[in-house]
Each structure stands twice: as C-alpha cells, then as structure tokens.
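Below you'll find a set of structures to go through.
First chain A sits with chain B, and in the next complex the same chain sits with chain C.
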Partner chain A sequence: MAKVGIPRALLYYLYYPAWKAFFEKLGAEVVVSSPTNKTILNSGVSRAVADTCLPVKIFFGHVMSMIGECDYIFAPAVTSLGNEAYNCSKIIGLPNMTRALIPECPIILDPEINLEKGRYHFYQSIYKLGRYFTHNPFRIKKAVEEAWENNLAYQSVMFDEGLTPVEAIDRMYQGKQQPDSSVASAPSLTIAVIGHPYVIYDEYLSHRLIHRLQSMGVKILTPEMAPEKALYDAARKLVGIPHWSFETDIIGAGEYYLEKKVDGVINLSVFGCGPDSMMVTFVQHRARELNAPFLHLSLDEHTSDGGLLTRLEAFLDMIKWRERICV
Partner chain B sequence: MKAYLGVDVGSVTTKLVLLDGSNEPLTSIYLQTRGNPVDMIKRGLEAIRKQMPLEVEICGVATTGSGRALAGVMIGADLVKNEITAHAVATMSCVPDVQTIFEIGGQDSKIIIIRDGVVTDFGMNSVCAAGTGSFLEHQAERLNIRIEDFGGHALKSENPARIAGRCTVFAESDMVHKQQMGYPLNDIIYGLCQALVRNYLNNVALNKEIRPKMAFQGGVAFNKGIIRAFNETFRTEVYVPPYSELMGAIGAAMLVRHEMGSNGHRTKFKGFSVSQTEFKVSSFMCKACPNLCEISQISANGKVLSRWGGRCDKWERAEVK
Partner chain C sequence: MRIGIPHLGNAYIMVRAMAARLGAVNGEGLVIPPPMTKKTLDLGVKYSPTEACLPYKLTLGSLIEACELGADTLIQARGTGICRLGYYAKGQEQMLHDLGYDAHFLTLDISHHKFLNMLRLIRSVANGNRARTPLHEIISAFFFGIGKVIALDKIEKVAQKIRAIELEKGAANLVYKEAVKAIDDVFDSKNVKRITKEYIGKLNKLPHNPKADPVKVAIVGEIYVVIEPFANMDIEMELGKLGVEVERTLTLSRWIKYSLFLNYLGISEWREVHKLAEPYLDHDVGGDGWESVGEKVLCARKGYDGVIHLAPFTCMPEIVAQNIMASTKEDIPVLAVACDEQMGREGMLTRVEAFVDLLEFRRRKRDGRKVFSVG
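The block that comes next holds the complex of A and B.
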C-alpha cells in the first residue's frame, strides 16, 4: 500500500481530516510527521533560505523527518480558494521550494489548488492527484466527496464544541476527551487568540501559548470557533474585500471578537510575515478605536520563553486592572 | 517596624529596595548583575541587612525583572510579578498624573500607557536591542569613554550628527563614518542619543498614544543625553522620578505590601541567612523527547529547590526532593 506523508505544518491544521479521508478512500496509507520538536526545527532551519518565515522552515523540517518513511509527500500549492483572496507566495511556491531545498525528498504530490482559475482547473488538479492511486475517475470523485464530508465534520466539531484544530483532530481520530483539569473551573477572563492556525496551534512554535493561558484560568476563543461567514463579513466591514486568504482569520476574527467585547485580543505572529505586517496593523488601530486590550506577540526562533511570559502576565494584569478586579 | 522587600533582577543590574509601611524607601542597593544573578542577589541581601535599621521586621518579599523566578525561589518570595505591572504601580504612586511611562533598561525597553490611573496599553521591544542601554554601553566602549560620562558629553553638543539608529550594526558603521569625517565627539554622542530615542519611538512606542505627563525611568534615565533627546523630541519636560532606577523593585515591594495586608499571611521570606547559603545552579539535558530541552535547576545544600526551562511541564511538575 502506498504511503502518503503529510507534514504536520502549515495547512495541515486547516485541512488534515479532508486530506486524510481523500487518500485513504483511494487506498493509500496516511502518515503524519510527529509534532514539531527541536530536531525538526533545526533540520528545517538548516535548509531554508534565511528570509522565509519560521513556519515554512518548520515545514521543511517536517518533510525531512519523513524521508524514508513514506512514498509520497503531500505538499499542495494552495494558491487561492476563491473570492479573489490569495495565499502568501511562500505557500503558493511550497512544492517548488521543497523540491529545490530537499532534493532527497520522496515524490512530491503537488496539486495546484486555484479556484480563481475556475472549477474545471480544480477538477483537473484533483484528478491528476488521484491518478497516482487509481485510474478510475469515479473512485476519485468518491474520494473527493468523502474528503468534503470530513472537512464539514471537522469544522463543525471545532465550531459546535469550541475546540481548537489540534483538540478537534485528537477527538476525531483518537476519541480523546478534553483534559478539563488544565482549565480552571470558572475562567475569569475570555481572550481571543488570532493569527495563522499554523502559528497558534504549533505548540513548539507558539511556546504552548493556548495551554499557558488556559492554565492561567483564561477561556480561549480562536477564529475556528466563530462562524466563517461572520468573520468574512467582519473583514469586509473593516478593510473591504480580503486580498489574503488568512485575512478572515486575522482581520475578520480580530474585528469579530473586538465587537463581541471579549476581555482582550492577542495576536500571535512570526517575525518577517509580510501579510501580517499589514493585517495586524488594521486590528491594532481598531482595538485602539474601541479602547480594547490588544497584545501583539512576534515570535521567532527563541527557545527561551521568558519574554513571552512577561508580556502575557502583564497583559492579564492590565485587563484585570482595567476591569477593576484586582492588581 | 514593618518593612517590605522588593527585588528586581534585571539582565544588566540587580536592584533591592526595602520599603517601610508607608511606601518610603528605607534603604536600597543597585548592583551590576554581570551574568551572575545568584551571587548578586546574595550580595544585595547582605548589603540590605547591613544598611537597614535594626528594629526592622520583613513582612513580605516580592521579586520582579527577568530573573524574578530564580530570585523568588532563592529568597522565598511571597509574590513574583512581571516588571510592567511593577513599574506602573510604583510610578503611579509617585507621579499621580502620569499618562505615559518610558522605561529603558539594559536589555529591554518598555512603554506603558496609563489613563485615569489604570494601565490601558503597553509595549516592549521585540527581537532587537538597539533601543536599550546595552546599545549605548557598547557604543561608549567603542568611543573609549565611560558610560557615566556619556550624558555630560551629549549636553555639550551643538550640532548633533545624524546617526542611523534602526540597528546596532548600521549605527556603528554610520558612527565610524562620522568619526572619519571629523565630527566632534560630543556631536556624535548626542547623535547616538537621538538615534536611540528615535528607534525607541519608532519601535517600542509605535502606534501608542503618548500624552503628558511623561515619566522616564530605568537605568538609562541616568543618562542626561537621552533625557535631553526626549525633551527636544516632545518639546516638553520629560519627568524623571526620584529613584527612577529602582522603580521596578519599589513597585514589587508596594504590591507585596498590599497583598500581605489584605490576606494576612505570614511571609515566606527565608531570612537574610540566604546570603550565606550555598546555591548551586546546574543544568542537564532532558532526553524524554526529541526536543532535548535544557533543564536548569537550582539547589541549596544538596536539595533541589526548583527546575525550569522545559518545553513541557514534566520537570516543573516533578516532585522536588
């Protein structure tokens, strides 16, 4: 049975259940790289050009960790999912960069997903991808349907139960229940964490930000826990038609949660992210307009988390102070 | 007499302050950390013990600064507080109408925005240290003058040289170039001060609404050149509070006084004998997963007091024996 390797990085957090269902329906076995660790980070950093952002470097590390463990690596070039919104150039060029930087990489499955080019182009891309495993177009169609079903199920698990992607994936495939011990019985504050899913949910990259906040007694809201349509509308209201695919997750979610009057909004970015440098500024200005607590955290390769903790603690102190709870 | 001890362990300096029951400093000490916080905390405690009045009873201890966790474990702190809150509390008590606090330390710099007696926003420098004390110290060394004399030179400048302050590396090459072109030392030094202030305002204070009254504190507030640059930028007097370098420690002591007063607990302070205790800081590599975290631990008399540094809480949770 052919083995398809899915790196646990970048778009994994958005589409893993769909991808897994698609490949399994076509009779392939799906393997996922282990969660990001120091070895993965180091090997990714050693190959990547310095200018790329950390999540992309981490992606390369994940690919390298799976060499010899699979026959294919799945690295789609997701250019656009329609609505005239595009992904960042590093995501669009991902398969080509992977091929250039990791020559020893197994065969790369690199469908181009660009809904701006119309349905026919999309069908062709998927069909071409399916042909690696079957020549029967009906089986490929079935696999796409299965993928779509799983994607909907995944989104509703996150939305209905307020789970993060990592928690939702655990729930779907391991039946793991939420460890409720980490969350204090009655969270005193509600904070929205916005940012790219591959930044906020990669526990190594984010220094377990979500976990830390939860153990400080904070209830977390993330973009996945809000209705997609509402995020899109919020982004449109603030900046017009989104240009970047992640604009709904950052500007949209920022505006949505600020309007909802959560206790505070934290944006988690990585150093050197081009789109973020624009998007975060919009949210920052909006937060100031509404006089709402907003914290922007920029991460890079730091392994020490002292600076992050200081900012988090001060932010929570500030919110409590503003609400006159205590100092 | 009841007194409260605040300990601020920064990256470059360690500050200890003893406050009396009405928030007045009884005695204080300011030391260079020199990369050895454990020794400096011990020396600081010893100095406080020698300087303080005899009839003092320590009723609460708080630590702050980047070494706050380590200091807290060593001396038995009742409160471990981040430096932003500590600075804000201290400044608001001595400058009640303050609306903006500039704090520039050795390794990091902060801005704190206050409205109606409440912190409403803050910012800290990101990856770059170009807007901090260590930048100035490094440049002073290059110019072969003592950092203490830096301000004096800056005040004498009449035509400051424009120096790129965005990045230490750029600043340095720009400075060397200006030296070669024959700019007087004073003008280069004041140019550096302006560059630091510009960098601070464009990075740390970006998108923050700066309103008077402005307080300027932290170790760099000793530098008259920076004060001049701030004053000229804002065309108004930036206020430097008394004990500006001790604000973090004072704030910590004030917070612990408040807390001990409201909960009625006895202090966990281990006493001044801590300065005689032999502490051992060591580290090892955890091999439980591929992260290979460097775990640091501090022990006293062969007994491990605390461990930290892991990506997960395996070692922090582990029973300390």
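The block that comes next holds the complex of A and C.
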C-alpha cells in the first residue's frame, strides 16, 4: 500500500482530517510526522535561507524527518480559497521550496488549490492528485466527498465543544476524552489567543503557551472556536475586504473577542511573518481604542521558556490588577 | 486639495509633469516631499510596525514629510493579493491620523484594470483642482508624464554602461543627475526629446575605455528596492565604481509600458521569464518572486557574470524565490541582499566587493587566464 506522509506542520492543523480521509479512501496509508522537536527544528533551519519564518523551516524539518518512511509527501500549494483572498507567498510556494531545498525528498504531491482560478481548475488539480492512486474518477469523487464530510465534522467538534485542533484530532482518532477543566476549578480569566494555528498549537514552537495559560487557571478562546461568518464580518469591520485568508481568522478573532469583552487578547506570532506584521497592528490599535489588554509575543529560534513565562505572568498580573481597581 | 506622493525613483518627475499640465504647481496643488534622507527613514521606522517591510517604512516616512509640507490627499499604490502592499494605505492612513494629520488616501489599484484606474486617479486629482477637466487634457497630461519617465530610463541605460568603463569615476553620475534635473525642468515634449539626445550624447562622449569588457551583473528582485536608489543604498552606482556593468529589467517605464498598455493586448513582459522559471516554480507567489527565479535562469543563459537579488528584509515572495534560486542548476552566482533599516553601508559594500572579486575570479578561470595574479 502506498504511504502518504503528511508533515505535522502548517496547514496540517487546518485540514488534517480531510486529507487523511481523502487518501485513505483512495486506498493509501497515511503517516504523520511526530510532533515538532529540536531535531526537526534544527534540520529545517539548516536547509532554509535564514530569513525564512520559523513555521516554514519547521515544515521542512518535518519533511526531512519522514524521508524513508513514506512514498509520497503531501505538500499542497494552497493559493486561494476564493473571495479574492490569498495565502501567504510561502504557503503558495511551499512544494517548490521543498523540492528545491530537500532534493532527497520522496515524490511530492503538490496540487495547486486556487479557487480564484475557478471550479474547473480545482477539480482538475484534485483529479490529478487522485490519479496517483486510482484511475477511477468516481472513486476520486467519493474520496473528495468523504474528505469534505470529515472536514465539517472536524470543524463542528472544535466549534461545538470549544476544542483546539489538536484536541479535536485526538478526539476524532483516538477517542481521547479531554479532562474537563471547567469542573476542577472555575477559570478566573478568559483570554483570547490569536495567531496562526500552526504557531499556537505547535507545542514546541509555542512553548506550550496554551497549556501554561490553562494551568494558570485561564480559559482560552481561539479563532477556531468562533463562527466563521462572525470572524469574516469582524475582519471586514477592521480592515475592509480582507486579502489574506488566514489573517481573516486571526484579526477577525481579535476584533470578535475584543467586542465580546474578554479579559485580554494575546497575539502569538513568529518573527519574520509578513502578514502578521501588518495585520496585528490593526488589532492592537483597536485594543488601544477599547482600552483592552493586548499582548504581542513574537517567537523566534532564540525565544526561551523563561522569558516567555515572565511576560505572560506580567500580563496576567496586569489584567488582574486592573480588574481589582475597577471593582 | 494638495496632493502628496511618496518617493519611488523618478516617479515624482512624472507626477510633477502631469500635475503641471493640469494646472497644479509644486507647493500649491502638489506637494513633492524632499528627497529621501536618513530623516525619512527614521520617521518611517518610528511610526511603522517593527516588522513591516522597508518599502512600507520608506513610503510612510516620505508621506509624513509630504504632510508636514501641507499635503492633504495622498497617493499610494494598492494591490489585491499576496503581498503586504494590499494593506499599505490602510495602515499608513491610520498612523497618519494618529499623528494628527487629516489626510486621506487615493489608492491606485495596480492589480486589475491598471490603465483605467490610473486615468480615474488622474481625473479625480485634476477635478479636485479645477472643476471638470476635459478628458483629452487628462490623456495628454498622462502621456506627457510617461514620456519623461521613458526618456529618463533611456538616459539611465546609457549611464549604466558608461559608469563601468569611464576613466574618471563618477563623471557619468554627474551627467545623469544633471539630465534628471533638466528633464524635470522642461514642460513640452520637444524639449524632452532634445534633452534626452543631448545627454545621451554627453554620456557617450565621456572619456572611457571602449575596449574594456567589464563584469556584467543583473539586478533583480522586489520592484521598490530595485528602483529606488535610497532603498538599496545606491548599489548600482557602487557597482559602477567597481567597474561593473549593471543591467536591470525592472524600470518604471517598462512597468508602465506593459502594465498599462501591452498587458491589455495579452502581451506579457514576463512570459519568457516565467517559462524559464517553470522547472522550479510554476506559479505566481505574489510580488516579484516568480520573476526573480526566472530572471536568474535568463541571466545565466544570456551569459551574465552574476546576479544581485535585492529584497526587503522578510519580503515573503522574495524569500520563496531565494529558497528556490539557491539550488537551480544554472551556474551563476547570486548575491542576496536584504534591505532594511539595519543594513549598514559598510557591510553592504564589503559584501558587494567580495562578490565582484568572485565574479572576476570566475571570469579569469573561464578564460583560462592565470587565476592568481602576482603583485
């Protein structure tokens, strides 16, 4: 059976259930690389040019960690999901960069997903992808339907139960029940964490930020836990028609949760992220207008646990102190 | 209404020419900010998001300087899509308001319908100054402005050649600077033509070594930092001083010629370049990334000695290009220069000199000449 490797990085966090369903329906076996660790990070860093952002370097590391373990690597170029909004260049050029930097990589499956080019183009790319596994167009169609259903299920698990992508994936494939934290101790603060899913949910990259906050008794809200439509509307309010699809969720969530009057907003981004460097300013500006606590954390290779923790604690203290003054 | 524009190479000359034709003169209907200096950069850096790219910071600095001189309507480019340009105007407008300037932006959409957008923009500017300007006047102003840019680029091309082989270093630059001023100062097409001829003649007459075969380098990369000398620390002139002939495809006039006219006829200036890039990158990644990859291949085929790849620090499309360019099989050295406010002149010069040494070394090796010269 053909083995398809999916790197646990970048868009994995958004579409893994859909991809898995698609390939399995076509009779392939899906393997996922292990969670990010030091070796993965270092091997990615060793290949890419220095100015590349961390998540992309990590992606390369994941690809390298799977060499020899699979026949194909799945690295789609997700250019646009419609609405005249595009993704970051590095997402669009991902398969090409991978091929250039990791010549020893297994065959790269690199469909171009660009809904701006119309439905026909989309069907064609998917069909071309499916042809690696079957020549039967109906099987491919079935696989797409299966993928779509899984995607919906995944989204509703996250949304209905307030789970993060990682928790939702665990739930769907391992039947793991999340410890119900709300019973243990009622959270004292509610904080929205906004950022790219591949940054905030990658435990190695994010220094387990979410867990740390949770263990400090904070209830976490993330973009995935808000309705998509609301995010879009909120983003529109902030910047007009959004040009970047992922940023729509991030700044939309910023605006949405600010309006909901959460206790604070934390933006977790990485050094050198182009889209974030522009968009987060708008949320920050808005937070200032509303006089709401806002913390911008920018991660790079040299961020230390200690430094991050200090800033988090200071931020939480500031919020608590403000609230005491208000009552 | 007082129009302000940010600097981008010689674009201000075009704008000034158009405005003059439409009845706005510098200081009244039009504010051209002072040439960019360290102060412009400092202002831009101070008031931009830390991680914004250099073109954002420089244009913001330049616009602040225009506002200081009383501009209230600012022109800025906008694009839909992949790179940060889509949000320049939005972010800068917010910042200027926070700084207390009551300026509003007219954006020029450079992703679709560029020609119409340009005309529309000029018309709204013209009507702001004088009610209902007839269309033919607008069009003639438009072409007059474009004519100046074309003339300047023609002169510059000659200067790039002469710079490398002139006997008295810096002479061509002086002539070129004079030419820029002269073109800026005349307001009819006949004179523009005459001046162009005159200065091209002057450049060619500068004492130079016609038999010299200088090292040839192409400059590719992101359009703003390639075209605006302040953003790339005058890298072309520095190369000229080192006796290197520079060529670059990206010029204002070429952009105008294709984007505003020929693209409408289905003629793309990049078709060949995109084709050459195809084995490595087969689709657009925003900005000028795709073109950079293709141009490297093209330069190798054309027998250039090297490529200098200019990009703003953290520019996403160019990072994609850089990651890919390093491993293409065409054998031509590429020097990647990331432009930002931290770039020091000394550091840049050292790298450029080392690169030029490398190119000369390769040449000697190729020609089978003695590789190590004594003394």
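We adopt the following convention: the second predicted complex is superposed on the first by the 318 of 327 C-alpha atoms of A that agree within 3 Å, B and C clash if a C-alpha of one lies under 4 Å from a C-alpha of the other, contacts with A are read in each partner's own complex, and residues count from 1 in each chain.
Here is the rule we use: a residue touches a chain if its C-beta (ideal position, glycine included) is under 8 Å from a C-beta of that chain, and two chains touch if they have at least 3 such contacts.
Because the structure is predicted, anything quoted here is derived from the model rather than measured.
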Superposed partners chain B and chain C on chain A - clash or fit: fit
Which superposed partner A:Thr79 touches (first chain B, second chain C, both, neither): second
Chain B versus chain C, judged by how many residues of chain A each one touches: C
First (chain B), second (chain C), both or neither touched by A:Gly68: neither
Which superposed partner A:Thr281 touches (first chain B, second chain C, both, neither): both
Touched partner set for A:Phe271, first chain B, second chain C, both or neither: both
Which of chain B and chain C A:Gly175 touches, first, second, both or neither: neither
Three-chain overlay, vertex chain A: chain B-chain C angle, C-alpha, nearest 10 degrees: 80
First (chain B), second (chain C), both or neither touched by A:Thr39: first
Closest approach of chain C to chain B (Cα atoms, Å): 5
Doubly contacted chain A residues - partners chain C and chain B: 271, 281, 285, 298
Residues on chain B engaged by chain A in the complex (per definition of touch): 66, 81-85, 89, 108, 118-122, 124, 126-127, 207, 209, 255, 258, 289-293, 309, 311-312
Complex interface listing, chain A residues touching chain C: 48-49, 51-53, 77, 79, 84, 86-90, 92-93, 96-97, 99-101, 103, 112, 114, 239-240, 243-244, 271-282, 285, 298
Contacting residues of chain A [partner chain B, same complex]: 34, 37-40, 204, 207-208, 271, 281, 284-285, 288, 291, 293-294, 298, 300, 304, 306-307, 309-311, 313-315, 317-318, 321-322, 327
Residues on chain C engaged by chain A in the complex (per definition of touch): 49-53, 56, 80-84, 86-87, 90-91, 94, 98, 280-287, 289, 313-317, 319-320, 322-324, 326-328, 336, 338
